[in-house]
Amino acid sequence: MEANFLGINMVNFWTYFILAGGIFVFMFMMGAVMSWSERKQSAVLQDRIGANRASIPLPFGKKFAMWGFINNLADAIKCLIKEDFKPKVYDKLMYNLAIFFAFIPAVLAVAVIPFAGIVKPAEFFNVSYLKWIPYLPEYFAKNLPDYSFKVQVADLNVGLLFIFAIGGISVFGAILAGWSSNNKFSMMGALRAASQMISYEVSMGLSLLGLIFIFQTVNVWDIVQAQNELAWGWLPKWGVFMQPLAMFIFLAAAVAENKRMPFDLPEAESEIISGYFTEYSGFKMLLFMFAEFIEIVFVAIMLTTFFFGGYTVPYMAADGFYFPWGTYVHLSHATVVILQLISFHVKVFFFAWLLQQARWSLPRFRYDQLMQLGWRILLPLAIANLIITVIIVALGGL
Amino acid sequence: MDFTDAEKKEIAYLRTRYPDPRSLTLPLMWMIQKREGFVSNEAVDLIAAELEIPTIWVEEVRSWYSMFTEKKEGKFVLEVCNNISCAMLGSQDVIDHICEVLKIKVGETTPDGMFTLKTVECLGSCGTGPMMQVGDRYYELLDENKVEQILEDLRNGKEHEQKPQEWPEYK
Amino acid sequence: MKEVTLTVDGKKITVPAGTLLIDACEQNGIYIPRFCYHKHLFPSGNCRMCLVTIEKNPKPQPSCMTPVADGMVVHTNTPEVAEIRKAVLEFILINHPLDCPICDKAGECMLQDQYMEFSGDKSRFNETKVAKEKLYHFGEKIVYDAERCILCSRCVRITREVSKTNKLGILERGDRSYVALAHGDTLDDDPYAYCVTDNCPVGALTPTYFRFKERVWYLHKTPSVCAGCSRGCNIWIETKDNVIYRVRPRENDAVNKSWMCDFGREYYIYPPKNRAAGVKINHRAVDYGKFVSEVASLLKEHTKETAFVLSAYATNEELTLAKQLTEHLGIKGIFHKKDRVWQESTGEIREDDILIKEDKTPNMAGVKNAFPDAKDINDMVISDFKYAVVWGPGAPLDKVSGLELIVISAMVDQVWDKAKYNLAGRISAEKHGSFTNFEGITQDFRRAIKGENNYDELTFFVDLLKELGVKPIGRTVQEIQNAK
Amino acid sequence: MAYQIPNFPDMEYVDRKKRGLTIQVYYREIFRGVWITTKHFFRNLWKWLTFRKGGVVILYPEETRADMSPNNRGRHILVQRSNGQPRCVACKMCATICPAQCITIEAEESEDPKIQKRPQVFEIDLSHCIFCGFCVEACPVDAIRMLPETSELVGYDRFRMVYDKEKLLSWHPTVSDDVVHGYNPNA
C-alpha cells in the first residue's frame, strides 16, 4: 500500500476511516441495545417478563427469540413498512430536517471521545495470544514499525467546546419538529423542550468549568490523560473525586438535556401525547426514539470521560500497573489497550444501566419544579462549586 | 230476519209503556229467544236497529244474562250447579260423568242437538245437592247412575220419575 | 257560584258547590289514587281506589262519586284509608298478570305506580289466575289484552262520551268480563280511537304503531302543538334518538281537554315520504350563504314584480320576520293560501263537532293577524308579477306556473319541482315557535327532533334581513316574543 | 398548622411543611428510589440467570391463571326454550340496567300469543361490556346467563366483538333442567 496518495496519508486515512466507522456502528449497536434494555430491564425491575414474543423460527420447533432482542428487528421492519402518517398541513422541509437535527448531534459528538489510549499496531500484534491473526502482524512489523494512533476519531484542542456546540444543535431538532408539525401538542412539547434544554445547558457547562480549571485544558484527550494521574500518591485524579458536586450537577443536567425521566416534560404522554414528535410516525418516529437512546449512551460516555477517568484503569500506565505500595506488574501493549477498551465499555454500560434504572424508578417533575431545580438550585450550586474550585486552584491546591 | 206482525204489534204496545226505548231491550230479546231458542248476532242487529241504540248495548245485555244464548243450544240444557254446597257434595263427579257419557265438554252441545251441558251458580237447592236443572225442572241428589238414567229418559221423551224426597235421618 | 267549605285532612278548603270530592282534593294538593275516574269523563265509581272516609258516614265513600258538601270532614291519609287502598290493590292484582316486563305500559302504568306507592305487599293469592284472551285486535289500530284489563271502563266511556261512536262495551260478567266491540265491528273508523290507549290505566289497550317498539322510560317528551288542523291540540311528542315514537295529547282544558284525533297522531308518527331536502338553485345543490345572498339581491331588484305567498304552516315568529322583510322591501303583493286541504281519499274527517276543524292548517289565524291586508291566492292576478316567493306547500299550480319561483317548503310538490330557487323548510316538530288556533289562542311549542338537511325558516329570514342590511326584530323565538 | 378563615368557617389554610435542602435537591430520594428498583432488578435477574421465573406475571397463552375463581363469569348466553327459540321476552330490563349500555334489543310480535314478545335483534357489544352481571340479575325470566369463559373473548375487529342472537344462542345445555319452560305470566 502506498503511504501517500494525492498528498493524503493513506495509512492515517484508513485508520481513521475504520475507527470512525467502528464508532458509528458502535453507537448504533448501543442504540439497539438500549431500546432492548429499555424493555427488558424495566420488565425485570418491575417483576415482569418483558419482550419475549418476536422470534425467528428455527427447525425442530425451536424459536430464536434472544430474550426479546428480536423485538428490535421486528420493530424496525414494522416501522419501515407501515404507513407514514403526516399532518394535513405542515412545513415539509423543516418536518424532515428536524429528524436529522435530532439524530446527527448524538452521533457526531462522539468523535472527540477517546475510546482507548495510543495504539502501536506493530507492537500490538506482537503478543503470544494474537499470533493467530494472519497477515496483519507481519504487515505492520515490516512496513509500519513506528506507526501509532490514538483511539479517538478527532483529537481536537477544543474537544469539550465541540461537544457543547454539537449538543446545542439538538435543541433545534425538537423545536423544528414541534413547530413544523402544525399541532398544538407538538408545539407545546417543542417549547418545553427548548426552555428545558437551554436552562440545563447553563448548569451543565458551569459544572464542567471546574474540571477545566483543575486540568487546565479543554482537550478531551488531555482531560482523560490527566485523570490517570494520582493525587497524594494514591488517589486517581478522576473528575468525580476532584469535583464530586459537579458530577451530580452534570448528571442531572445531562439527563435533563436528554429529555429523559424524570425530566421528560417535552414528551409527557399523559398531557401532550408524545410532545414534539407526536406527528411523526413510522421510521421517522423510530429515528427520534433511536436518537434518544443514543443520547443516553452519549450521556454515559460523557460521564465516563469527564468524571470517571474515561478509558483509563487506575494505576495502569502504558507498560503495566504501578500500584501505590510499590508493586509493578508488567503488561504487554495489547493487554493494556484491551484493558482500556474493557474499562471504557464497562463504565459506559454501567452508567447507561444506571440512567435506565433511574428512568424506570422516578416520577416526572412538575414543570415549575423542573425550572426551579434548574435555575434556583443547580445553577447556584454550579457557580458556588466553580468559585470554590477557582479559589483552591488559585491558592495552588490540587 | 225480521219481527213478525204480531211481534210488531206487541212492540208498538211496549213502546207506550217505557219512555226510554232502551228499556225495550229485554222484552225484545225474550221475544227472539222464545221464537228462535237463541239470540243470534243477526237478532242483536235487528233489536239495535229497531230501538235505534248501538249494537254493543244489546250485546252487553245478551252476554250479561245467562238465559240468553248466542248459539243454538240442544233440546235439553243441563244446568249443573257448581256452587260450593253442590261442589262439596260431588258435583264435579257428576259433571265429569255427563261429559263422559255424552262425549262433550262443559258449554258444548251434543252432535245430535239433544243436550247442552252448562255449569251454573247456586240454584237454591243446597240441601239436596248435587243437583241440576233441565228446562224448568230440578233433578236433585244426583249420582252417576241417576244421571245416566235421567239422560236416557230425556232422550226417549219419557218423564223421569222423581222419587219422593228422602231426607237423611239425623240422630 | 255558590261555594262550600270542607275540611280535608285537617285543612280547610273552599270549592264551588257541585265539585266532586276527588277534584276538590286534587285542586288543593291532595292526590287521591284512582283508576276509573278521569277528569274529563263522567265518573263511574267502579274501581274503588278513591275511597275516603267522611266523618258521620258509616262506610268509606268513593270520592269520585261524592259531591262536596258544606262542613264535610274528609280523611284521606288515615291508616283505615291506607288499608282500604291495599285491599283494593290486592283485589285488582288477583287476576292481573304480572307481565310488566313485556307490557308496553310499564313505566307509566297507574297500577304499577299506585301499587308501589300504596301497597307494595306480596300477593297472598296462590291459586291460578283467570286466563283470558291475550291478543284481541280492535281493528288495525288497537290491540286489547283482556288479562291485563282491570275493567275500569274508561275506554268504554271515551267511545260513549268523547268520540260518541259507542263502539266499546263490557261483555259477560264477574271474572269473565272483558271489553269488546260489537260483533264484526272495528275501532278503525273511530277518529279518536288512540285516546283509549292513552287513558287506559294499565296496559290492556295498546296502539299497534307503538306496540313493542320502545320502552316508555327511554322516551323524551317534548311539549308541542299539533299542526294537523286549526284546532291546535296540545300534544307531547315522545322521541328517542331523533325518531318520533309516540304522540300523546297534552291536557289543556281550553283547547283539547285530554283528547286528540288519530289523524293528528299519524301526521307525526308516519313521516311523510315527500319531505323536501337541501338548498338548490336551478335544481343544483348550492351553498346556503350563496342562496341567501342571491335571493336577497333578487328581492331587492324586483320588489314590485314579486308576489309573496304566505304559508299557514308558518309560526307566528316567522311571520313577524316575514312582515319585517316585506315592509322593508315594500312588497305589495302578499297572498295567503291553504297549505293543506281536506282530502277525501285518505279517509280523513272533514270536520266534526269534537275537535277536528275544516281548516287543515295550524296557523291561518296567525297569518291573518300578521298580514291583515293579504289576499287569497285565488284572487291573484298573474300578469302583475314576474317573481313569486312561495312559502309552504299546496300553492295552486296554475296561479304560479308562469313565474320564476322561490320555494321555501318542507314538502315536495309540483310547485317545488317547477321552482328556480328551493330551500327545504322544517315541519313543526323540528322547530320552536307558536301557532294561533282558530279561536285565537296562541300556543308555544318546542322542537322535538332535529331537522336533517333542511333549514329553519326563522333563521333563513334572519339571514335574509341581515343580508339586506336590516337588524332583525329578533334572532330566536324568545327574542321575537320578548320584542313584541 | 391549619387555621380557620374568619368569614368562611368551612375553609382553612394549610401551611405545608417547608422542604429542606436535602429534599429539594432530590438526590437522596432519587437514590432511595433507584435503590428499591435495583434490589428488584438484581433479585429477578438472579432468578432468570438460574433458569427460574423472575416475574410475577404469567405468560398468557401458555399459562393461565391458577387462581381464577370457578364463580368467575364472562361470556353471555341466551337460554333457550325447548324449541330452540330464546327464552328472552325482549323486555329490555337488561338494556336498561346495563351501565355500559352495550345491549341492543329490538322486539317483535311472537307467533305464540302466550309469549307475545320476543327479540328480533339481540346484540351484546362485548367490547363495551364491563361484565358486571347486572343483566343477569335484572332478567325477569332467567333468559340471559354468563358462562365462566373470559380469556377467549378476543377479536380482530370491534364489530366482531358484537355478539348477535345466533351467537348468544350457541350454548346447548346438556342438563335438561336448563332447557327451560315457557314463560307463563299467570304462574
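So that you can tell them apart, the chains are marked A, B, C and D in the order they are listed, and the count of residues begins at 1 in each.
Rule of thumb we're sticking to: a contact is a pair of C-beta atoms (placed from the backbone, for glycine too) under 8 Å apart; a residue touches a chain by one contact, two chains touch by 3 or more.
Owing to the predicted nature of the structure, the values given are computational and were not obtained by experimental measurement.
Visitor: Let me check something: if the centre of a chain is the mean of its CA atoms, which chain is farthest from subunit A?
Guide: B
Visitor: Based on mean C-alpha positions, which chain is nearest the centroid of every protein C-alpha shown?
Guide: The most central chain here turns out to be D.
Visitor: What pair of chains has the most C-beta pairs in contact?
Guide: The largest set of C-beta contacts joins the chains A-D.
Visitor: Taking the mean of the C-alpha atoms as each chain's centre, how many Å separate subunit A from subunit C?
Guide: Those two chain centres are 79 Å apart.
Visitor: Any idea how many Å lie between the Cα centroids of subunit C and subunit D?
Guide: 44
Visitor: As a quick test, compute the distance in whole Å between the mean CA positions of subunit A and subunit D.
Guide: 47
Visitor: Can you tell me which residues of subunit D touch two or more of the remaining chains?
Guide: None at all.
Visitor: Give me the residue numbers in subunit B that touch at least two other chains, ranges are fine.
Guide: none
Visitor: Does the chain-touch network form a line, ring, star, complete graph or other?
Guide: line
Visitor: Could you please write down every pair of chains that are in touch?
Guide: Between chains, contact exists in these pairs: A-D, B-C, C-D.
Visitor: What part of subunit B is in contact with subunit C in the complex they form?
Guide: Against subunit C, subunit B makes touches at 41, 44, 54-57, 59-60, 63-64.
Visitor: Under the definition above, what is the set of subunit D residues touching subunit C in their complex?
Guide: Listed in rising order, the residues of subunit D that touch subunit C are 89-93, 96, 107-109, 113-114, 116-117, 140-141, 185-186.
Visitor: Under the definition above, what is the set of subunit A residues touching subunit D in their complex?
Guide: Spelled out, the residues of subunit A in touch with subunit D are 41, 43-50, 52, 248, 262, 354, 357-358, 360-362, 373, 377, 381.
Visitor: How about subunit C: which of its residues touch subunit D in the complex?
Guide: 97-99, 101-102, 128-129, 131, 134-135, 147, 211-213, 215, 217-218
Visitor: Okay, in this complex, where on subunit D does subunit A touch?
Guide: 24-27, 30, 33-34, 36-38, 40-41, 44-45, 48, 53-57, 59
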